[in-house]
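Labels run A, B and C following the written order; every chain starts at residue 1.
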């Protein structure tokens, strides 16, 4: 399977002799590079250009002209500040929860189950099983399972965690729950690929050198699994920050849980306010790039691809 | 007698619970494909095979799935070819634009889907290209490409270049070396990449939604239907796809396990 | 065994080969001639350029300058698949996606040789693996894989067979057995073999001619016995076996020999066994050629006697004992004595004299590193 796509651990040993490439290299990279240039780079530039456009003087809806209207950014920053804060807040919370849930699971499968490879593979298959069924349907399933007349909500009521007038769906907690659920496999896989290669002799060496199990974990296991943690958190945080399906009122959210994506979709597809949608997209992308750069720099793992 | 230890049991029990959590909505989805419901499929109304037997009674569901399959296959073919070439170049050759190529492959993975979707939609809008099957496929190839490269790259890295040298040493010209040695040895990686690519394409919603115009795909159908209730036929399709995929994966794994056992024996 | 698919055995000539890699020079003005039908060994430590030489001959590496001639034809620009040369790779490089038989038949099929299948079966039988033809390479043991790799190369009857440390991955016992088999096969098929290794015993045991390489150059080349008996440089004297080296200024010279003085001892070498006859030189002797005595022996001018010194270490290695003797102002000397009851029984700390025949001394062209030319 394509576990490698979530390549968690240290970069694989590069045992190849690097050859100087001539025309062969061009033939190999140009098609892909041109494709990405056309359909990845150009759209980003186009977003930036659109983000600076101004409304057409005619006042026609959806009509704009090229401009350098940096005010668009100020507008989206003030208008959509709650959504921006919510997006990153949700992303942060869901990433932390996903890490907390995934780490023991990945450790169990990757380290403890080494002696029985077939069970290890089967458990791993179950971890990626959610990928084989539409995430929209899985989210809808949660929506039914946690609906206002579900046993779960009755339980919360009887435990007085929720007031009788309160429900679970539509709350921040429900959105964070859904995001966490949907992205656990993205966290577990890179952790697994890393922990699978963890040299357990190092753990034995540490306990031989008088480290308690607790110390062994903090001083050896955890630092060695850092690359897995970093790719896992990136593979989780970035898509969550841009997600808006979980937060949608038709799924687990409500009008009070809208995220950046919700607004981009609304501005782009319903309001035809292309400059606003573009400015918000550029802002989201910029914030994520800054955060990722700082995060990766600080953790010292820049060799991601 | 082994000493019973609560600590030793905690991790396996936790792991099983975590998996149950992961699989609960899947079980729910499959279960409700058998629900004897007429319109909204939210309350259990009894068991029926009706939706499985006549899944295409809901023409709109079947059309959406057909579109998704066509899009998935075409996108996968293009992404796999482009990505495999890039992966080979990145591992095997040194060239000046290396870091540029690496960056332009990493960035799409670090870009939220909503940005990719809105960006492409803006581009097509500005260029006057109407959204439809073609624009969806263009978008899917773009975001699958990076994942193909990462997957195939891992395989190329484990490929011993001496094997290709041995091929050349044994009178195979570069083209024959590629066809008889490199390609067969990379095949497992390429197949994984293609499967991943198809799965990503088939399940993509956000980017598709921005670039689909009036074309319906399976995820888009569910998203739109979510407001008024998703029909059980959608559960049937999703369950069928799920069961098929799981059977394929399990079969490969069991075959691999048997093969390993055989190798260990001889 | 002259089948139609055979290339004529050919001599190999490297002329003025230089190979630069970014940051270092792997080969420097290398000249080499291997006559047809010879078993030739390139011996040297890792990083000496021996593998680069082999790869240049195979066509897997292009020399920065110089020519590769095979059977009088310039093949410098030929691609690997255009050269009648085959290689047994260090890692064997067996194709994991093909059966053993398909591996062996690969080269023949590429060259569209009729009867590829039959010839491959014959080659497998030659290395006694006919019964494993349908296996995958990864199902074989290291020794079996090595023999498949050999069969895969030999079946093409190349003009020249290259062996890149093919025995390195095998354990000692298996290695000895394979060495014997390899030598037997070479004698049987009469090909030119170029064998690259860092194992001096292997090189001396198998090769007709050994070339010792160091830092991208050939230091010395010749029959194994000659190389061992008369090393010409410090490197060769130390890499091929062990050497006791003495460095001093020449104090005496006559028609047939020169002598140096070291810590009050006179050490003599025959002129025809010395590379240099003036100034400061290094003279060596092999540990097994030296004897030690509890009393100063009365020996003629054809012997060298130095000492006394103290025995500071004794090692039992089975067939012989190794004694380390520290002679004041001279240094430490190693002496091997066979355990046949001829050497005196001594304990650690005993005072002894060391002697050897002048005809066993050799004078080197250079000095050990760290010693200045006067």
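Worth a mention:
We take it that contacts are C-beta pairs under 8 Å (C-beta built on N, C-alpha and C of every residue); 3 or more make two chains touch, one makes a residue touch a chain.
Please read these numbers as outputs of a predicted model, since none were measured by experiment.
Compare each chain's C-alpha centroid with the centroid of every protein C-alpha atom shown, and the nearest one belongs to B.
On a Cα centroid basis, the chain most remote from subunit A in this structure is C. Averaging C-alpha coordinates per chain places the centre of subunit A 59 Å away from that of subunit C. Computed from the mean C-alpha positions, the centre of subunit B lies at a distance of 55 Å from the centre of subunit C.
Taking each chain's centre as the mean of its C-alpha atoms, subunit A lies 17 Å from subunit B.
Contact with two or more other chains is made by residues 160 of subunit B.
By the touch criterion stated above, subunit B contacts subunit A in their complex at residues 11-12, 14-15, 18-19, 21-26, 28-29, 32, 42, 82-83, 85-86, 88-89, 91-95, 97, 100-102, 104-116, 118-123, 125-126, 138-139, 141-142, 145, 147, 149-151, 153-161, 189, 192-193, 195-196, 199, 203, 205-206, 209-210, 218-219, 222-223, 226-227, 230, 234-235, 238-239, 241-242, 245-246, 249-250, 252-254, 256-257, 260. Residue ranges of subunit C in contact with subunit B, taken from their complex: 58-60, 79-81, 85-87, 89, 91, 93-97, 106-107, 110-111, 135, 138-139, 152-153, 156. Subunit B meets subunit C in the complex at residues 160, 162-163, 165-174, 176, 180-181, 184-185, 263, 266.
Residues 1-2, 4-5, 7, 12-21, 24-25, 27-29, 31-33, 35-37, 39-44, 46-47, 50, 101, 104-105, 107-109, 112, 117-118, 121-123, 125-127, 129-142, 144-145, 147, 181, 184-185, 234, 238-239, 241-245, 248, 250-251, 260-261, 264-265, 268-269, 274, 277-278, 281-282, 284-285, 288-289, 292, 304-305 of subunit A touch subunit B in their complex.
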